[in-house]
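In the two complexes that follow, chain A is the common piece, with chain B as its partner first and chain C second.
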Partner chain A sequence: MDFLSFKNCESVALANIPVLDFADFRDTLKDLINCKNCRVSVFTVHGGKLYAVLLDPAKHCFKAGATAVGASYPALTNDIPGVHWFEREIFEQCNVIPENHPWLKPIRFENSDKPGVTDYFTMQGNAVHEVAVGPVHAGVIEPGHFRFQCMGEDVYNLEIELGYQHRGVEKMLVDSPAKLRNHLVETTAGDSSIAYALAYDGVISALAETPRPDLTERARILRTLALELERIANHVGDIGALAGDVAFLTTSAYCGRIRGDFLNMTAQLCGNRFGRNYVTYDGVEFDLPNHKLAAFRDWFERTVEDFKNAWLIMSDDPGALDRFEGTGTVPNEVMREIGAVGVAARAAGVDLDVRRDLTGIGVYDKLVWKCALKKSGDVIARAKTRRLEIRESIRMVRALLTWLESSNSPVSNNATAPEQFKADSLAVCAVEAWRGEVACAVFTGKAGNMERCKLVDPSFHNWFALALALRGEQISNFPICNKSFNLSYCGHDL
Partner chain B sequence: MFKALRARLFQKYRTNKFPDAAPKLPEHFRGRPEFDKSAVDAEAWKSAAEVCPTEAINAQTPAIDLGKCIFCGKCAKANPAIRFSSEYRMGCMKRENLICNGSLPYTPDEQFDAGIKALFGKSLHIRQVSAGGCAACELDFNVLNTLAWDMGRFGLKVVASPRHADAVLVTGPVTNNMRLALKKTYDAIGEPKLVIACGACAISGGIYQTSEKASCGVEDIMKVDLYVPGCPPHPATLLEALVRFMGRKQLDNRA
Partner chain C sequence: MSEHTLNFILWCANLIISLLAAPLLPGIINKVKAFYAGRKGPRVLQLYYDLAKLMKKSSVYSTSRGLIFELAPWGSLATVLLMLLLLPAACLASPLAFPGDMILFVYLAGCGRMLTVLAAMETASAFEGMGASRECQFSMLAEGVMLAVLAALVLLTRNFTLSGALTSLTPAGWFSGGTAILFLAAALYIVMLCENCRVPVDDPETHLELTMIHEAMILDNSGPELAAIHYSAALKLWVFGVFLATLLLPDLAAGSWLEFVIFYALIFGMAVSIGVIESVMARYRFLKVPQLLAGALAVALLGIVLIAIFGGGFVK
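The block that comes next holds the complex of A and B.
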């Protein structure tokens, strides 16, 4: 039996999602992922059923299927490595055991009072030593625990244990009044607030009993503008951080400031540097009126020139390049196999971008842009992918600002957010945040209540890729490998 | 080298003029709320309290608890008497001073502790600990280290080891999973030591105050010496609070 196809920001009745027997479910899943280029967006147990929601880039849609599971089921990780983190989550969050999972242990220590205390992969031998770092790191950064198995300088294995930021976002979303939900979603990962707000908005508008009237043209333009400014700001910051880690201080210092300028542009839109409260159910909170566009554009162009200059001084510097090239390589096959997403995957030639692969979010189909792609999968590839994405986003911002000039619509369509949702339904929305795909899925109950809200951060897919990037590297290369991914702890820990 | 020098000429000196000039704040910036207490519309205050996502509003008094407020502006839409001003100086040294009674202009707390002024007035080394939350507070604290703000000018420095620190700056509501690590970091700092709670989460639990997996801020665990409200606090709010906390001159440059 086939999985059910549905669009981004579309709801489906749970009864319409085909329930396959386990062997059939496994084979269909294997075929879709290993042969048809689909990727896992959401994979969880709800109401005694294991649901898989895959993103099919060729058909521009999601595909969902389910199978009934009891207290346990045979783990799928051995056939589909991309679900290994999801199955560990199922084990911890849903109390269902994926049997024969190769490395079954908690990912967030939700139910334990001893975070980080668990079995770790270890090595034996005379010259072998273990380096344990964290949860508190030597900098202004979130907490996580990293264990390196080393021989001399060389890292044989890195294991990453997270969960220190776990504050129960998903459970709070279900239990909290509607007025708090937007804020909870926006702070899932504070540097991707716009992306999360859009993903949640996509889901609740799909689940509204009375369909929401189309968003106004101006609201759609401004939402896209905010998402691209978020992308540019963070990518610029990451390039600066990479420069800082190889002691290329000029680029590091300039990018730090320039990132702030881009954040200030978001603040110009809505008053908050991280775009909090900007995305509203009826559109966006504030307009960027036409008489202010010229000054905004001027500011944007000057900052773009600053960034180009900061990038150019580093981009052909032999000292910096020597540290970046060939460091922390994760090849294309591995990235595909483990289901990596976003910048990290594209830097290894995995051609995926939700902005192009799905519809429903923003005005990307009306803009001329290319998906950034590099092949080598090392630190320089991730840096250059970011550079390319910044360039494409700059093109988009220019086009959006021009478009705003000729658009006369208001920014609100006067819709009010629904209190009740369609009963017994599922809606999924994916947004390409600056790190990669952010997915939000909501299951509703009989009474049209929110029964479950599942959030999947791009970091959830990618932390394992960072662990793999360190294999065979010198331990001193950890900082640049880490920065080249720049994954979110809070987005993962929820 | 010549390329770097040329770049320097192109990029120019860009550290902002704070504290000699007011920081440039965006048009829609939401700072300290302002409201008239003489003409209280009880119904409007009730609806403002109802829409507040973090229960920051006491409709009776009326007052807004800046330690809980996330500056979303929803109350101002429900009750037109409330206006978010551009007053960014909101850091307080006493919890009760975060209860905003709406009057403006207002005088921010002064550092009266001669000991703090003498010991830390010229240099304050900070160990930051992220204990839950969304990382936005950390990001905007990091911004103070960039050359746009350059907090080193005021003797403010981030240190890696708690042994080198004078203060711990905590962000996030303090998740159950971080409680021990935060406690250990604090214990490793030599006396005398100070605690800074940065952002609504660290002060009161903020958005996460009802979470079963986290405390309601740092105060559940340790005494706090400086509170910096915001979600996250604007870099100007944080820097001004830190500088005032050190007992340096009062900055009277309301934007």
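The block that comes next holds the complex of A and C.
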């Protein structure tokens, strides 16, 4: 029996999702992931069933299937390494034990007072030493614990323990009044506010009992604009941070300032540098009126020029390039196997981009752009992928600003957000945030209430890739590897 | 007043100026970097304020530390002070000079390092252990370059005192042995970058423990001890500035004011050049640092070859 296909931002009745017996489920899953190029978007246990929602880039749709599980089931990680982290989450969150899982430990320490207090992978030997970094770091960054097994300067294994930022977002979302949920979702990972707001909005509109009228043209343009500005700002900041880590002063200093400029452009749109409360159910909160477009475009073009120069200084410098080239390599096959997403995956030649692979979010199908792709999978590839994405986003922003001039629609379609949803349904929405795919899945109950809200941050897929990037690497290269991924702690910890 | 007494007074005056002005060097470096970054940057006098602040504080100690941890900062400050005493002021030889003191000079630096490394090991921290291991690895290589430079100096000047060798070059000697001296200065400059933990070897600005060398070793220090460490770092930079400046400066007329002006200009110029290097260069990966130091050794050996071929008689 095959999985059920459905579109991004579309709801399906839970009853329509095929329930396969376990062997069948496993084989279908293996076939879809290993042979049909599908990737796991959501993988969780709900109501005694194990649900898998895969993204099928070839068919531009999701594929969902389920199987009944009791208190335990044979772990799938051994066949499908991409669900490694998901099964650990299931073990912790749903009290279902994936048997024979190779490394079954909690990922967020939700049920413990002491995150990070656990058994670690260790090495034995006289010359071996262990380096523990964090959870309190020297810079102003989020908490996470990194345990290195080293021999001299060489790292043999890195284990990453997270969970210090766990605050129960998913549970809070279910328990909160509808009006508060938007805010909660936006603060899941504050640097991806727009992406999260869009993902949540996609799910809610799909589950609304009375279908939402189409968003106005202007609203769709402005939402896309905000998402691309978010992408540019964060990528610029990351490139600056990479330069900072190799003590390359100029690019680091300039990019810090330029990132601020792009954030301020988002503030120009909606009054908040991170775009909080910009995305609303009926469209967007504020318009960018046509008489302000010329000034906005001037500002944008000037900042873009500054960024190009800042990048050129670094990309011309052999010393900086030497630090990045061949550092922290994760090859294509590994990235595919562990199901990495976003910039990190594309830097290793994994051709995935939700903006292209799915419809339903923004106006990407009407814009001319290319998916950024690099092959080598090292730090420089991740930096250059960001550079390419910035270039494509700049093209998109230019086109969107021109489009706005000729568009006369209002920004709101006057729809009101639903308090009740379709009963016993599932809706999934994926958005390409600047790190990669943000997925939001909502299961509703019999009364049309929100029973479960599952958020999957791109970092959730990618943290393991960082651990692999460090194998055989110099421990002093950890900071640039880490910055080149720049994963979210709070987005992972929820 | 005899010339001898006057020179002694001038040398002492320079010593006092050195002790007072050394914390200016990091301030100048940071100003240059701020200029490149388009920032205002901290005040040139910032280190003085920091030192005053730290002296007022009390120290915090970890439970694993022992006696060495408490004494090492003062011990390594003492070694840097002694290094300064062996150096000439502009072209005035140190009154404490004795034949063979250049070996003492090198090993004073080694002693200071040994104390810092032992203190770092005493904290039983993984970061400090890594910093100590890196410090030993790189300074071991830098020491060889330093000894090669000193050997070349002896060959050039036939003088076995450090300040004698550094001050005995005449303007005429500059014209014949100048190429060799430039080679030695280049090698010494790289040693200076390594010994003083500057880019491209180390990054004094970084907050990333895993990439630190010198900074990693002092993570546990605080209060007056940290002040001593910062001050001796600035003083060590000054010591290398004096070394470089006197190496480049020929004896125009002992004790003339012009000589002192050029002398101080060279020291502060070195600080500016460090600032420029830190602004336009990325830091090397650790595996490349030994290559850099091996390159410096090659440059110093080339200097020796030049001296051996063209001779070094042109000294006073």
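Everything below uses one rule, namely that the second predicted complex is superposed on the first by the 494 of 494 C-alpha atoms of A that agree within 3 Å, B and C clash if a C-alpha of one lies under 4 Å from a C-alpha of the other, contacts with A are read in each partner's own complex, and residues count from 1 in each chain.
Basically, a contact is a pair of C-beta atoms (placed from the backbone, for glycine too) under 8 Å apart; a residue touches a chain by one contact, two chains touch by 3 or more.
Keep in mind the model is a prediction, meaning the values are calculated, not measured.
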item: Dominant toucher of chain A (residue count), chain B or chain C; value: B
item: Partner chain in contact with A:253 - chain B first, chain C second, else both or neither; value: both
item: First (chain B), second (chain C), both or neither touched by A:153; value: second
item: Partner chain in contact with A:474 - chain B first, chain C second, else both or neither; value: second
item: Partner chain(s) touched by A:166 [first = chain B, second = chain C, both, neither]; value: first
item: Chain B versus chain C as contact partner of A:423, first or second or both or neither; value: neither
item: First (chain B), second (chain C), both or neither touched by A:133; value: second
item: Partner chain in contact with A:68 - chain B first, chain C second, else both or neither; value: neither
item: Touched partner set for A:322, first chain B, second chain C, both or neither; value: second
item: Contact residues common to both interfaces of chain A (with chain B and with chain C); value: 138-139, 250, 253-254, 257
item: Chain B-touching residues of chain A, taken from the complex the two chains share; value: 108-110, 113, 115, 135-136, 138-143, 163-168, 171-172, 175-177, 179-180, 182-184, 186-191, 193, 250, 253-254, 256-257, 259-260, 264, 267-274, 276-277, 286, 306, 309-310, 312-313, 488-490
item: Residues of chain B defined as touching chain A within the complex; value: 3-4, 7-8, 10-11, 14, 26-30, 51-54, 70-74, 128-143, 145-148, 158, 160-161, 172-173, 175-178, 180-181, 184-185, 207-208, 210-214, 231-232, 234-235
item: Complex contact set, residues of chain C against chain A; value: 33, 36-39, 126-127, 129-130, 133, 199-200, 203, 205-211, 278-288
item: List of chain A residues in touch with chain C within their complex; value: 129-133, 138-139, 152-153, 243, 245-250, 252-254, 257, 317, 319-320, 322-323, 327, 474-479
